[in-house]
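Presented sequentially are two complexes of chain A, the first with chain B as partner and the second with chain C.
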Partner chain A sequence: MHYKILKTNEFIVFLILVGLSIVVGAVNPAFFSLATLFDTLRGSIVYFIMAFGLLPLMIAGGIDISFVAIAAVSSYATHMFLIGRGYQGGVLPYFLIACTIGVSMGLLNGLLVTRFNLPIFDVSLAAYTMWYGFNLFFIGATANFDLPRGTIGYYARFLFTVKDPFAGTTGLHVSIIYVIGIGLLMWWFLKYTTIGRGVYAIGGNREVAIRSGFPVSRVLLIIFGIMGLMSAIAGVTMAFLSRNFNPVIFINQPLDVLAAIILGGASITGGRGTVVGTSLGVLLIQVINRALILTGIPVEWQRLVVGLILILFTSIPALREQRAKHTSHTTEIAQTDQP
Partner chain B sequence: MEPKPAKTPILVRDLQSIQPAIAKIDRQTILLLGVFVVLTVFFGITRDTFLTGRSITSMAFQLPEIGVLALAMMIPILTGGINLSVNAISNLGAVLAGFFLVKLLPSNMVAAQPAPYVALAFLIVLFIGLVTGVINGLLIGYIGVPPILATLATMTFYTGISTGLTGGKTVTNFPDQVGYIGAKSLMGIPIPFIIFVLITLLTYLILFQTSFGFKTRMIGSNPTASTFSGIDNRLVIMKVYIISGIYAAITGILVMSRTMSAAIEYGSTTYVLLTILICVLANIVPGFGNVLNMFIAILILQVISTGFHMVLLGVRGSSFFKDFSWGVLMILIFIVNYFLRGKKSQE
Partner chain C sequence: MAEEVLRVENISKKFGGVTALNNVSMAVARGETCCLVGENGSGKSTMIKIISGVYTPDTGDIYINGHHYKKLTPIESIREGIQVIYQDFSLFPNLTVAENISINQQLANGKQLIRWKEINRIAEEGLARINVSLPLDAIVETLTTADRQLIAIVKAMLANARIIIMDEPTTALTQKEITSLFKIIDDLKNRGISTLFVSHKLNEVAEIADRTIIFRNGMKVMEQDAKGLDVKTMEYYMTGRKIDKEAISFSKVDAVSISLLRVENLNLKNCYFNINFDLKPGEVLGITGLLGSGRTELALSLFGLMLAESGKILVRGKEVKIHSPKDACDQGIAYVPEDRIREGLFLDQSINDNMVVSIIDRMAGRFGFLKEKQKRAEGKKWIQRLEIKTPSGVLAAKSLSGGNQQRVVLAKWMASNPKILILNGPTVGVDVGSKADIHNLIRSLANQGLGILLISDDIPELIQTCHRILLMRNGRIAKEFKREDITESQLYIELIGASANNGRA
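Our next item is the complex of A and B:
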């Protein structure tokens, strides 16, 4: 029983993560510090939230890229609306309004998909283009740095702080609590609720899910709503952490988040994927990005190294799977058929 | 499927079997053509500058870049894959060719006799397309990395090479000959547009008139069946990504020739997603697709882009309205398609 865990994809990603950390730590011991840990976590917060929101949709067999546009519109529109009325209070109204917008946008995607029987990816691509265009044309085309007074301190609201000889004073941001909370909720939702099990059923075999009586359309609408909700939270959090509201926030990031989820073991065709794996995938990409700064590789060459590491890390599970297939019966026949 | 009488002449039987296929292709083509005509008429009426020779020529100069790039995206999608690295390949090719012309060769040597060096630079771009295609093909076909992950990784890798070499700066100061393709016309038709039409025709020939094209579509519709039919899926996939890489490289030539520069940021992720959007608009799915639809879809995108630019001239952020309208148009086409499909199944 305890051997099973060693063969899971999560464990392999975990090993890669540990191995990478050891290598980087050997090159630059500053990597093993609380400051680096807090910094990496701070950079990962919004990606964790977006990835958790997207995970159920991926498990159900859908690839979505519109979540970044939802994050952008819900956060930017909320901000322009509130700042236009001279709002000077705290962060709570931001989250409430943005979440309402985000859920509605997610549900709109879901309605198009379920009512008109459309591929999730196609709808999300249209929504991606449409919503970024909407944001830039109808709401505003420039980043806004004019934050309400009540929200200014939010970017540095730490759970606790540490003094680091290299990085100065830094701390663990409070929003890591939402990340943990959302992660636990999502884990519970996917594992212990009927709807959560339905998500896996739809991704495994949609036809079978329909025939076994899962309310497929309703499940899809719910997970689209979840995606919209998480995107809105991520968008507002990102804006407060970076202290500006940007209409094109995350516009180049949708594929990075997808990659993190797939690296974490979720299948593109659906039916597979876990919260733990997704978290590890997000962390892995963040650690790769951050580790390179500490290894002393010149900045302009870092992207090349990230690319090489990604090629390597995506090949390892693929090679493993191929070796597993070679030993199975059907592929043997297929192999001998080839010249 | 009811059994057909054996006496039916072969020709008639063939016609019967291909008729549904024609009807199916026609629907999307007619729909796209209708949208194209409506949009052209609309913009033609609202702006009298729209249907002038000057505006049409400028459109014909602009659309080939995204058009060829979209074809580079289409062929992998037909196999059930995707190539997210198309834009990275075109920029890498342009950057390396630019380096060859500007940094590697002594400037007096290039200045004395530019033509052969420029030709060599363009060959370098095409060679980059080949090499990057082989890398993608190895990862996807032979190692078995999911296409979306493999090409995302190589996209980062190829962009990384360009970033490392240029340090993020734009490469400029090309000899004038580089601009011949991007700026000149042949009998009044812009050369980029001629190249685009030729490549569209070539794509049609490859996909629908060769056994390779048949295998490509077969892998897309059922990879297991194609394996058991004795097709070497891995080799076909390798070739598909090589063609995709070379097409992307041709885009690189068009871009460097029109802008007289090479930059890593040119297009970025939004360009990649735009090419996928064109494929979705043209109803390209694994195994099935129509090159004519691609052509019309690209025309539609350009008409919307230029048209709204003219209509909204002077309005703040007007260039962003086209993105919004592309999205709305796509959703409308999806919905219209749904009802057309519904009516058909009722019959």
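Our next item is the complex of A and C:
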């Protein structure tokens, strides 16, 4: 049992993460500071939330890129609606309205997939393009910096603050609590509920899942709903952290989130993936980002490095299989062949 | 007969204009092992689907445990204790053994939350029932076919099966695994669980059956207690013709002329060692051995898919280097692979396209476009010559039965006009009738002067087609037999003996 952990994808990502941190810290000691840690976490928050929302869909064998458009529409539409009515209160109504919109949009994807038996990726590609267009055309084409008074302090609502010689006063943002809460909830959902196991079952073999009596359409609808919900939370959180609402927010980010999930051990073809792995994947991409900045390597390298690590990771299972084939054959013959 | 669990009466089922089942009645008694035998397309699968509620029969009655059904739904069938183990076993490859075993109970009881202790307990108890132990936390895709089958059986038992229907259960199993499967079927019998064993491997049927039912063209042509039923009789009922093994005429080997293929001291580390043999025109040379004996690797090396490390290959007396399939083709060598579905056919392409693919450059016109007419003519020629049963060559290759697919693969290579043909397991998964046809074909090809290497572990096949048989063991040619000098049972002992001597002792 103990050795098994050492062979998991999660452990390898963890090792890379630790190794990378040590190297960067050696080059630039500023990396080992609470300020850097808090800053990295702050940058990761929305990616954590979106990745958790997308993970069940990936496990079920689907690839979606429309979640970023859902985040953009639900947050931007909510903001324009509230600000248009002169709303000056806190953040809660933002989350409530955006979540309702997000879940509805997720379910719409889900209905198209389950009712008309359409491929998940095709639907999401259409939704991705369509919803950004919708946002720009019907709601507004420019970023809006006009925040309600009650929400202005939110971007600097910290759990702890630290004074840092370089960064000044900074802290750990409260929304890290949602991240932890959502992560725990998703972990429980995927491991301890029948629906959650159904997600893995569908990813393993959809036909057999239907034959075994899993309510496949219902499971898919639920995880599309979850995806919409998480996208909305991420969209609103991002807007408050960056103090503006942007109609094309995240438009270039869907692949970063997919990359994080795959780094964390999920498979494109479905059936595999964990919350722990996904979290490590998100962190790894963020750390690579910051590492490049702190070590003075041009930011353009970030994509190259992430790409190389992805190739490495996707080839590990193939390499393992090849080696297994080779060794099994040689052991059969090895014992008698030497004259 | 003991108490009947299942009886169907006067079942007929048509699909469009095709009659799949014609007025068939049969019954299965409690604790009985009943074998259902028939060629592809004889109606076996339709019957399984009717019993499991997937198809509704056009006419006829179904009685299960004394309850009468005109129409049977899958759920009703499962509630009555009918469990089908399909060839794919209906498992989740990405989940653990424990979860695969327990998941149906979890769903049947309508539980919303998972208790992993409960899952493991159910799995352990299930495995204990058939006295096997498997690691509960192993991922199913890492297990062997035999182990997956065990999981499927455990699942069926946990669903309170009274009849377990096994559809071609031994196709992917080794001899040893088949023996232990039969032990489990015996064990099921002692618990009063009946097995409906669907197969076309007749020697296995002869071994396991309490009673045998044979279908042909949608009708039941024979039903008999297994005692005194021999393979020959079964073959006769299955195919409707006598397959006469005595009256086989073998081609004359041209022993005088130079060898078509000569292999000298061929070596490949961990695969085969010091291989020497000759293949004369008109000769069928069998190569046999257990899985892992190196026979497949040797064949692949002769076709350029693996490279030998040392030794010589001579074609018509001249030493040649075969580094790729193209080199092999240039020397007139053709290879028909073991797994025709994965390696030999484009299933979604037409039969014609499949047959001309190896001579595609001959079909091309001046600008590289294919000449449709010529392609069709070539396709027609081979469909006739190899008696491929299809209404048209433009249909997809997947529309054919296994035996006919195998002929398409053969046609593809024959079209390139080879001098040396390497066949790897040419009749694996093919029913008796098509098998005899393929054997005839092999003999007639040899008659035309081809040299044929036949790699197979089907002993009757070797005896009925080969002039000489080489037995490989751990990468070496251990023995050579002339067909006249050895019987089927002697060869069987030699083959299995090879494994007994080399067990992991």
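Keep in mind that, in the parts below, the second predicted complex is superposed on the first by the 297 of 339 C-alpha atoms of A that agree within 3 Å, B and C clash if a C-alpha of one lies under 4 Å from a C-alpha of the other, contacts with A are read in each partner's own complex, and residues count from 1 in each chain.
The working rule: contacts are C-beta pairs under 8 Å (C-beta built on N, C-alpha and C of every residue); 3 or more make two chains touch, one makes a residue touch a chain.
Computed from a prediction, not measured in an experiment: that's the story for all the values here.
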Review point. After superposition on the shared chain, which partner residues are touched by A:191: those of chain B (first), chain C (second), both, or neither?
Key: second
Practice item. Could you tell me if A:306 is touching chain B, chain C, both of them or neither one (first, second, both, neither)? Key: first
Point to revise | Contacts of A:259 with chain B and chain C, given as first, second, both or neither | key: first
Revision key, fill the gap. Of the two partners chain B and chain C, more of chain A gets touched by chain B
Exercise for review: With the two complexes superposed on chain A, say which partner A:251 touches: chain B (first), chain C (second), both, or neither.
Suggested key: first
Check your understanding: Touching A:85 in the superposition: chain B (first), chain C (second), both, neither?
Key -> neither
Review point. On chain A, what residues does chain B touch that chain C touches as well?
Key: 334, 337
Check your understanding: What does chain A use to touch chain B in their complex?
Key -> 63, 65, 112, 116-118, 121-123, 125-134, 136-138, 140-141, 251-252, 254-256, 258-259, 262-263, 268, 298, 300-308, 310-311, 314-315, 318-319, 321-322, 334, 337-339
Check your understanding: Across the complex, what residues on chain C touch chain A?
Key -> 88, 90-95, 99, 103-104, 106-108, 111-114, 270-271, 273, 292, 294, 474-475, 502, 504
Review point. Given the complex with chain C, which residues does chain A contribute to the contact?
Key: 191-197, 200-201, 203-205, 208-209, 211-214, 270-272, 329-330, 332-337
Review point. Given the complex with chain A, which residues does chain B contribute to the contact?
Key: 84, 139, 143-146, 148-150, 152-161, 163-164, 166-168, 224, 227-228, 230, 232, 268-270, 273-274, 276-277, 280, 316-318, 320-328, 330-331, 334-335, 338
